[in-house]
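First chain A sits with chain B, and in the next complex the same chain sits with chain C.
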Partner chain A sequence: MTDRTVLHAVDLGRRFGKHVALRGVDLELAPGRVTALLGANGAGKSTLLRLAVGLLQPQTGSLRVLGLDSCRDAETLRQRIGYVPDRPDAPGALTVDELCRFAAAHYRRWDATRVDELIDRLEVPRRQRFRTLSKGQAMGAMLVLALGHDPELLLLDEPFGGLDPLVREEVLRCVLDAWRGDERTILCATHELELAARIADDVAILAEGALCAHASVEDLLGTDAPGDLPRGLHAALVRATRTSPSHAETPHLETVPC
Partner chain B sequence: MDDFRVDPAAHTPPSVQIVEHLLDALSTGRFAAGDKLPSVRSLAVDVLVNPNTVAKAYAELERQGVVAGRNGSGVYVTAEGPDHARSLRRASTLQDFVRTTAAALRAGHDAEALRLALVESSNQASRSTDTHCETPQGANHR
Partner chain C sequence: MLRVHLLKEVREQSRTLGIALLALPVLALGFGLLAPGNLVPTDIVEWFVLGALVLGLVLLGSDLVPGEGRRGQLDFLVRTPGALRASFVAKSIVLVGGLGTFALFGLLAGLLCDGLAGTRPDDVFPPVAMVPEAAWRSSTGLDDLPTSLVVWSLVLLVPWTLATSCWLKRSSSVLPMTLALLALLVVPHLLLVERYPVPLGEHLLPVGLGLAASTGMLSAWRSYVPGLRFGRSGRTLKLGLSTALLFAVPALAWSAERVHRWHHVDPREERVSLRPGVLAADGRTMLLRLQRHWENHGPSYVARIDLGTGEWSQLGSAWSSVNASGHLDLFGPIHGRYRPQAWATWTQGSGPRGRDDLEFHALDLCHDRVLPIDPANPRLAEVMADLVASAPERPLLRLPDGSRAWLEPGQVVLSTPDGRREDIAWPEGYRPVQLTGFGIRFAPLPSAHGTDVRDVQILDLSRRTFLSPEDALLFRYVRAGDWLLVTWGPTGNGDGQVCRVERVDPETGVRTALTLDGRERPLGMAGDGRLLLRDSSGRARLFEPETDRRELLPLVPDLRLADQDIPRRRDEQSLTTPDGREIWPLRLADRGDAFARRDGDVLTVTHVDTGGEDVELAAIPDDDHVLVIRGMRRLERWEFGSDRAEVLFSTGTD
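Coming up: the complex of A and B.
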């Protein structure tokens, strides 16, 4: 680990009752990398992101984010992390404008100009209550709220899930546009391998709570067979799942390349 | 820029797709010597791929001497860039042509039929160039 390591998990584990959601995860994210977090439903992707943002406490091991303790320093970290949960969780009675004003008061680095640009780009209706937004508009609003304070670490949990193709493309553009070189690191959980192949420098694969692979796309797929990245990622996922703790079945995927 | 998008499922790696696309844009005059290329981030958003992949493509074009970075202000087409891009494109498209011709011959086409097809596409290409050139001149004469 270098002192610039953005996320550093050592033997990280978390269970819910008898269910082991995450076990023995060792993971380091270097600054500026875009990492696609892949894995079947229930593989532990959301748990890892929620641990990283300090919403959950690790039960084993340790997790340092931006050099700080993910739990003890959660308040400080909140200023430096942007997080989009798998289900939009903003208060439904507030309008997008009200949500932004609320966020602006809490974040020291809130950038109103940038927020206005994002709202226009994603065509989020400003004066509509959050609960009345379409799925795509709600995702747009969540992205705006996650990016408004110029975070150093952006955590996205299935940002493309259930969106129509046009909205999905806008969200994709927004994620690509969020890149800031070494100034921002992005970890994005997704089932969509075609989109993962577009956004990712690196891929991390979870199966049954264990980290099975973490490598650059080139290293994972091999430079001798560079073609068809989504298919290569699919093969890597199947391999990872076969070597997982209890030989799970082929992961359920939304996009299985033929 | 135009409707070009990286196809992650194609056999050619994304950064190579971008290199080929930009060489094509240079050799057909869409970028001239001294022109500034789009920023890494804006091209990434246009072609729907990770900015580091675009940066890799720009580095390859720079290695080929087609573009050069000017400290901090961006990436520009070099003086010899368009000519160099044309010769690179000529070499690679000739290779493609030879490969495709071989496949067509194997599939049972005779050489004469392929020659006629080539002459026909060449005529079509020159006709479309003529129309492009004639229209403004014709307007001037009148």
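Coming up: the complex of A and C.
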């Protein structure tokens, strides 16, 4: 771990009752990288993100984000993290403008100009109550709220699920635009390999709560500039996510068919 | 920051508020128009207000936090920096304001219903603001509204509703849970106070309720702000309940301690005073009454004192009292006073609620046996028979003709020197309370309505007749053959006191004023019927009213009587030592109260310097000593002819 490590998990574990959501996760994210967190449903992606934003407490191991303890310093940390959940959860009774005022009251680095630009760009209706927005509009509003305070780490939990292609493209562009320079880091949980291949510098793969692989896309694919994701990798990833980590070895690049 | 949260809360609750506030007038209209007038209670306004408040708690209070979870927006609040704090404040304000709005609409709806139902035919629902307060108060009975009950219910329910709503996902469970929790917090206190009655201080109830309300708010805060920091979890419940317990456990401990302290007296307390009780026949223990001054109306307790070691133990609980042997109603309070007793009765009750709450117990002073006084108990009959049998051995009075008089249940017994026995029944509904020379004063039995101090009867033992009610009020000394009327008080110009003694012939009613010097004062009546006087030079003299002769009775050592008021006396008859010598309470110049024993032609005094403290005779244990209570704090043994005072027991810390 270096001083600039954005997220550093050591032996991270979390269970809900008898269900083990995460176990023994060691993960380190470098600054300025977009990391796709891949895994099937229930693999532990959302749990890892919720742990990172301080919505959950780790039960084993430790998790430091931006150099801070994810639990003890959660309040400070949240000023520096943007988080978009898989389901829009802002107060439905408020309009988008009111939501922005709500967020502006809580974030010290709220950038109203940038927020206005984002709202216009994503074509989110300002005076419409949040609960009446379409899913795409709501996700756009959530993205605006997540980016409005210029976070150093952006956590996205399946942000593109259920969006129509045009909206999805615009949201995706916004996300990529948000990643400017090398000071911002994005951790995006998804189970869409194509999306991962398109936006990610690195890929981390979770299966049944355990981290199976974490490497750069280039390293993972063994090619310089991937266009579409090779079928062999897809098959390997699917195999990795379906295999119990206790019985399977972590996939190595040599074993991945290209 | 607060504004945006208030906006959010108001927006989210607007539908609930709207529907409920619309429903109230509709209900009022329907009820007022359709219900027959005799079915509409006179306090319908109060019912509407209370109903509106309950409705507000159910619809609004119960759903403030669970609603966030149901709408899936709790995580948004949790992950927004500082939002939980502001959200809590906003929710509290909205809840209080919302309930206030509900109450106001309940009031308006109640007035509407009241007007429509015909109880205010001339005044069908005017805007309340336009009606003078006095008008609607008097016409609607709102002045009877238990406002404080409503206010305190709200003060308690608002915070605890907020707290429990953080713990539960379903809003329908919140109010029952809140009421159950409050019951758990309050019921133990109520049970304690009910089982062991303790008067609540004037400010104790509001302080206790205020504390419970504050703890509720603290519990709600801890449940919501740090408790929801990681979303709703066991941590939420843990933090909230631990705060509730933080209040409940010390509060219950405090209540229990207060109950215990109320029912258990500690003589070392500063504000505990001593009152005479009963000395055991073996002379080793004594029962005393301890009067505690607790918030101006403290109870009394009974303590058993070991006169040898000063160790003490309490008998019974608060509101206990001790009396001379025998049941109060059977023997009266004068029986056995100052004399060593084999048995004493002590009573305990749950408070100053009257005689019906008292429990009577008899205590064998020498063998430490307690006997519940139950008429069906055959052992009690044996004890009473023993007491009756022992009464003649230590008679209450000895008359000049040699007759002895004592008390038995319901009667005064006279035994003449030739062995004849005469029984004189007590007046029905009266009991003996005081000796008055050769007479016994009777007063009505205590009743719930109190007693009239003017309602007294005096039995003239030498004549075997009762004085008329008018005479009984006037005469102080009943002698053998005549009565003495004593009047004294300030002189007309207020520069001194005048004392006048008149001798009255019972047969003719003729009064004859006795020739007393200006500064002579009667101190009491001797066993031979003569008056003990303090003369103008502070000496004691025995005075025979019939012959106008005075006989000097020197004090040993040679001391002077105080030129002050006559010492307080319980009975206007001299007391006696076990060997029959008379004992007199006196007031000595420069030394305070004392006691004198008549040894033939002299009075042997206890010349302890009391420094002006009050002294009260507690018992006469033997021929040479008296037990006195000095300054209402110390039980001391004084010796005749000595200035020594041996402290046997004391209260306070000194």
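Here are some notes:
Heads up, the rule we're going with is that the second predicted complex is superposed on the first by the 231 of 258 C-alpha atoms of A that agree within 3 Å, B and C clash if a C-alpha of one lies under 4 Å from a C-alpha of the other, contacts with A are read in each partner's own complex, and residues count from 1 in each chain.
Definition applied: contacts are C-beta pairs under 8 Å (C-beta built on N, C-alpha and C of every residue); 3 or more make two chains touch, one makes a residue touch a chain.
Source: prediction; values computed, not measured.
Look at A:173: by the touch rule set out above, it reaches chain B but stays clear of chain C.
Once the two complexes are overlaid on the shared chain, A:126 sits clear of chain B and of chain C alike.
By the touch criterion defined above, A:200 lies against chain B but remains apart from chain C after alignment on the C-alpha atoms of chain A. Contacts of A:75 after superposition on the shared chain: chain C is touched, whereas chain B is not. In the overlay built on the shared chain, the residue A:114 is in contact with neither chain B nor chain C.
Residues of chain B that touch chain A in their complex: 6, 8-14, 41, 44-45, 48-52. Those residues of chain A that touch chain C in the shared complex are 53-57, 71, 74-75, 78-79, 83, 85, 87, 89-94, 98, 101-103, 105-107.
Those residues of chain A that touch chain B in the complex are listed here as 34, 169, 172-173, 176-177, 179, 181, 194, 197-201, 226-231, 257. By the touch criterion stated above, chain C contacts chain A in their complex at residues 1, 4-5, 7-8, 11-12, 14, 71-76, 78-83, 86, 229-231.
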